[in-house]
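When the chains are written out, they are named A, B, C, D, E and F in that same order, and each has its own residue count from 1.
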Amino acid sequence: MFTYQIDTEVSLALPRPKIDSQTLFEIIKENSQDLGAWLPWAPSIKTVDDEEQFLTSTLQNFGTSTSLNTVILYHGIPVGMISLNKFTESGHITDIGYWLGSQYVGNGIMHRAVTGICAIAFEDYQVHKVEIHAAIENTRSNNVAKNAGFHFDGSLRAKELLLDGFHDENCWSLLATEWAQKNNSRNEKTV
Amino acid sequence: MFTYQIDTEVSLALPRPKIDSQTLFEIIKENSQDLGAWLPWAPSIKTVDDEEQFLTSTLQNFGTSTSLNTVILYHGIPVGMISLNKFTESGHITDIGYWLGSQYVGNGIMHRAVTGICAIAFEDYQVHKVEIHAAIENTRSNNVAKNAGFHFDGSLRAKELLLDGFHDENCWSLLATEWAQKNNSRNEKTV
Amino acid sequence: MFTYQIDTEVSLALPRPKIDSQTLFEIIKENSQDLGAWLPWAPSIKTVDDEEQFLTSTLQNFGTSTSLNTVILYHGIPVGMISLNKFTESGHITDIGYWLGSQYVGNGIMHRAVTGICAIAFEDYQVHKVEIHAAIENTRSNNVAKNAGFHFDGSLRAKELLLDGFHDENCWSLLATEWAQKNNSRNEKTV
Amino acid sequence: MFTYQIDTEVSLALPRPKIDSQTLFEIIKENSQDLGAWLPWAPSIKTVDDEEQFLTSTLQNFGTSTSLNTVILYHGIPVGMISLNKFTESGHITDIGYWLGSQYVGNGIMHRAVTGICAIAFEDYQVHKVEIHAAIENTRSNNVAKNAGFHFDGSLRAKELLLDGFHDENCWSLLATEWAQKNNSRNEKTV
Amino acid sequence: MFTYQIDTEVSLALPRPKIDSQTLFEIIKENSQDLGAWLPWAPSIKTVDDEEQFLTSTLQNFGTSTSLNTVILYHGIPVGMISLNKFTESGHITDIGYWLGSQYVGNGIMHRAVTGICAIAFEDYQVHKVEIHAAIENTRSNNVAKNAGFHFDGSLRAKELLLDGFHDENCWSLLATEWAQKNNSRNEKTV
Amino acid sequence: MFTYQIDTEVSLALPRPKIDSQTLFEIIKENSQDLGAWLPWAPSIKTVDDEEQFLTSTLQNFGTSTSLNTVILYHGIPVGMISLNKFTESGHITDIGYWLGSQYVGNGIMHRAVTGICAIAFEDYQVHKVEIHAAIENTRSNNVAKNAGFHFDGSLRAKELLLDGFHDENCWSLLATEWAQKNNSRNEKTV
C-alpha cells in the first residue's frame, strides 16, 4: 500500500479497490445519515461493488492526474477519505473534499488530513491555491477550513446541490505563499 | 445559418467554422491588445486556421451539450462571441463568457447578447443559475453583469489566470427564479 | 432554440433532445402507419426516450458536421423533420430525408422546408449537389423532389430496404449551379 | 498468406502491409498516369510507407467487416487490387472498386477478379446486391461491369469527383438472385 | 473465404463469424468435456452467439495484427482452430494455441496445421521464434509440439490457470533458423 | 509523495513525472553504458522530456492496474526503479523489472527493493506467483533473483531482445505459498 505519512497516527493511502472497498463501504453504511446530509453521493453507494467501482475510477483519475482520492488511515485503520476533487484547466487550483466516520470525530484527524493533502497539493501538484467549498450550514466542515488556516473568500448563491436542493456555499482558500510561510519548518521534515 | 434572434438588430448564430473563421479572426486580430488583457487565449489565435479549429471544437461541444459558443451578429455582421462556457456535473449551473470588437462597443450589443444567452440557458438548457466571472479590475465586464441584473456574490482570491498572473475574480449570479420574474413578458414573446 | 427562418410560417430548428422529444414522439406515434410505409425506422421509436436518444445522436452528428437533422416548425409548432442525411467523403454531395405529420400535409410546408435545407446545404456546407432518393412507389416524396426543381437522374434497382423488402429507388439531383440560377434573388435576402 | 483461389491463374489475397507494400507501390508508380485518370487517390501514394499505411488501414477495415481490399495475384504475382469499398448500413449492398497494372491488361484478369469478389460478397458477406460505379467516360471499367453480367441502372449526374472535376457516373448492379442463377454450377465447386 | 492451403486435405481459414459460428459451436459442445480439461474458456461458450462474438473479436485482432485465429478445415469441413495467440511487444515471438474435435484426432491434422501456422508466423509475420506452451500433463499437446520438431526449453512452475487450478507448463520453441533449415524445400513451394 | 516504506533506509515511491524526471534522467544518463547492456530502452531516453513522458505513462498504467513502476528511494534519494511489468490476463502472475544506478550498488538496496515489491505483489495485487526474467549472461540480476529466494525454473531460448540481438533468458519464480512461509513474521509488521 502506498501512503503519505502525516504523523505517527495519521496517514493518507491510495485506495486498493478490491481490498479497501469492504471496510470503506461499512463506514459509509454506518454513517449514511450523517454523510448523506452533506455528501449527495452517499446514498448511491448501496453495495460493496458500488464502492469498489468508485475506488477503481478514482485510481484511474489519480493515474491521469485528474484528481486524487486517498483513504485516511488512523493507526493504520481506514476511517474516511480526503481528496483533491479536480484541478482547473491551467492546473493551478484544486479543491478539497473529505468525510470521516462519525465515531472517529474529535481526534483532530481531519485537521491533520487537510494539512497533509495541502502539502501534497502544493508540493507534488504545485498548485498555487487550494480551495475548500462547504455549504454554509455545514458547521463542521466550515470549522475544519477555518482551523486549517484557510481564508474565507465569500458565499456563492445556490452553488451546491444537496439531496434537499440547492444551498449557498462558502468558499475558503489557501494560497501557496500563505502555506509556504505557515509550513516552513514542517516542509523541511516532510519533503 | 442557425440563429437565435434577440431583436431586429442583434442575434446569436452557431458558428460555421469554414465560413465564419475569416471574419472572426480579423476582429480578434484588430482587437488583440484589448482582448488579450482579459482573454488569455487571444494571443494563441495566430492564423485563420487556429480560429477555424477553435470554432470546429466549439461546434462539437455544442453537439454533446458540453458548452455553447455563439457568434454575436449585429445587423447580420459578426461582431464578437458569447458562450455558455461549461455546465456543472449536475447540469444546473453555467457561466457566461463574451468578447466584442471594440469598434462595436457603445451600442448595447453585449447587454442584449447576455439577455439572449440567459434565455437560452434557462429555457433550452434548463439551468437553475447563470454565473458571470470577471476579474475585479475588468470594469466593462463587471458593468455588463451588473446592468444585466446579476447579483454580486463576492470576490474569490487569485481565481483567474491572465497573461500577467493571477487576478481576484468577482462572481455574479442570476437565479432561474429571478430571471423568470424579470422576463415574464419577454418569455411569452420569445418562446 | 436555434432556427433557420424560411418565411413567416416555416422555419427549421436544431432539436433540443430533452424538450422536443415529447412532441415529436407524439406526431410519429399518430402517423406511425403512414410513416412506417416509407421510413423503416419509424416502428423502432417506441417511447419518448427512444426519440430523445435519436435526437441526442443527431445533435452530436451536427456538431461533427456528419449530418444535419432539423425540426420543421410551422407557426412555431413542430410538424416533422428534414435532414441532410450524410455527406460524401469529399464533402461535396448530400441527400435529403424528410417526414411530415399527415395532418399538416397540403400547406406547402415540405416544399418550403426542402427549399430551406437546400439553401443551408449549398451556402453553409458548400456542397456541389443535393440528392433526393425516393422509392419509386412513394408518389408524394417523388412529387416533392420534382416540384422543388430536382432533376430525375434514374432508378437504381433494389436500393432501398423498407419493411416489406427492397424497393427500386428514384434518384433526383439539384446542382449548385442550378440552385444558384433559381435562387439568385432569394439568396440575397437569406444570406 | 490468406487467399481466395479463383482459378489456377488468378487469386485474391489479403494484403500483408509490410511485405506487399513494396510491390504494389511499384505498380502504382509505373501506372500513375493511367491510374490517376480514374483513381483520384493514386497521386497521394508517394512512398512505400504511404502504401503500407493504406494496406494497414484496409486490413483493420477487413477485421471490422467495414470493407474488403484484396491484392489480385496472377500466377502468384501481385498485379492490382480489387475491393468491396463499403457496405450500406443494413449490410445488404456493397460496391466494387478495382485497378490493374496496365502491363497485365488483356488477360481477362479483372473479369475473373470481379467474378471472384462477387462470390465473396454474396457468399461470405451475404449481400443482396453488388454495384459497380464507373465514370461514364471510363470505357474499360464500364466494359468490365457489362462483361461481368451487371445490369445498367442509369447515370447519376456529377457523382464522381476525379482530379479534373465532377463526372457523371454509371451505376451497374448485380442482384443475388441473378448471381445465383448464373453461378449455380460454379457455386457448388467453390463453396 | 480466405484460406491458407497446407495440402490437398488440410487448410486454415479466416473465420466468418456469422457463417462459421454454428459449426464451430457444435464441435465445441460435443467435445466440451475433452476441451474443458485444457482449454479453460470452453465452458464459457454457451451459445452460438458466444462463439460468433468470439470469432468477431478474433477477426478484429487479425485486422490489427494483434493475433491470428484460424479455422482448421479438413476436406473443406471445420474441425478445430489453431492460432497465433499474441505477439511480444517487439513482434518477434509468438505462441501457438490449438484444439481439434476428438472425432478428427488420428489423421495427422494437427501436425499439419502446426506446420502451416508456423509457415505463416515465419513468413507473413516474420517472427524469429514460435513457442508452444502446454500443461505438463497434457500429453497430446506436448506430443504435437515434439513431433513438429519443437525444442523443449523447460517447465515453468504454476504457469497455466486451468479450471482445476494452476499447472506447471512446458515451454517448447522453434527458431526461425531451425524452421528455415527444415522447410527449405517446402518454402520454395509455398511462398 | 506516496511511498511504500521497506525499512529505515529503503522505500518505493510512485513517480511524480514533472518532479522526478530530472533526477531519474540524470542517473540513467550517467549509467547509460551499464544500463544499456541489459535494458534496451535505456538509449531511447535522450531528454528529460522522454523520461517525463515515460513516468506519465507508468502512472496511467498504475491507475488502471496494468503495471506498477516505482522509484527506489535510498535515504530519500532516487537511486533506481523497480516495477511489476505486467499482469497476466487472469491477474495471477506478474514479473519484476529493475535497475539501479551503479554508484549505489553494494548496499543491498535491490535485494530489499525486490522484497518490498514482492510484498506489494502478493498483498495488494494478490498474485499467486512473481517471476524474474534475466538474460542468462546477466550475472548481477540472476544473483538478485537467487538471493531473494526465487526458484530457478529453466532457460528459455532466444527470449530476450537486447541491443545486440536475442539472448536466452532465465526464468525464476516465487510462489505465494513460498512467500507466505518466508515472510510470516515480516508480514505481520508490514501489513
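Just so we're on the same page, contacts are C-beta pairs under 8 Å (C-beta built on N, C-alpha and C of every residue); 3 or more make two chains touch, one makes a residue touch a chain.
The chain list, named the UniProt way, goes like this: A, B, C, D, E, F = GNAT family N-acetyltransferase.
From a predicted model like this one, the values you see are computed outputs, not experimental measurements.
The minimum number of touch steps separating chain A from chain D is 3. In terms of the stated touch criterion, chain D and chain E have no partners in common. Chain centres were defined as the mean of their Cα atoms; on that basis the chain farthest from chain A turns out to be D. Of all chains, the one whose Cα centroid sits at the greatest distance from that of chain E is B. At the chain A-chain F interface, residue numbers used by both copies make up over half of all numbers present, so the two copies contact each other through mostly the same positions. Separating the CA-averaged centres of chain A and chain E is a span of 52 Å. Computed centre separation for the pair chain B/chain C is 32 angstrom, with centres defined by C-alpha atoms. For chain A, the set of residues that touch two or more other chains is empty.
Chain contacts in this assembly form a single closed ring in which each chain touches exactly two others.
Within the complex, the chain F residues that touch chain A are 1-5, 12-14, 16, 18-19, 59-65, 120, 123-124, 126.
Of all the residues in chain C, the ones that touch chain D in their complex are 90, 92-93, 128-129, 151, 153-159, 161, 166, 171, 173, 175.
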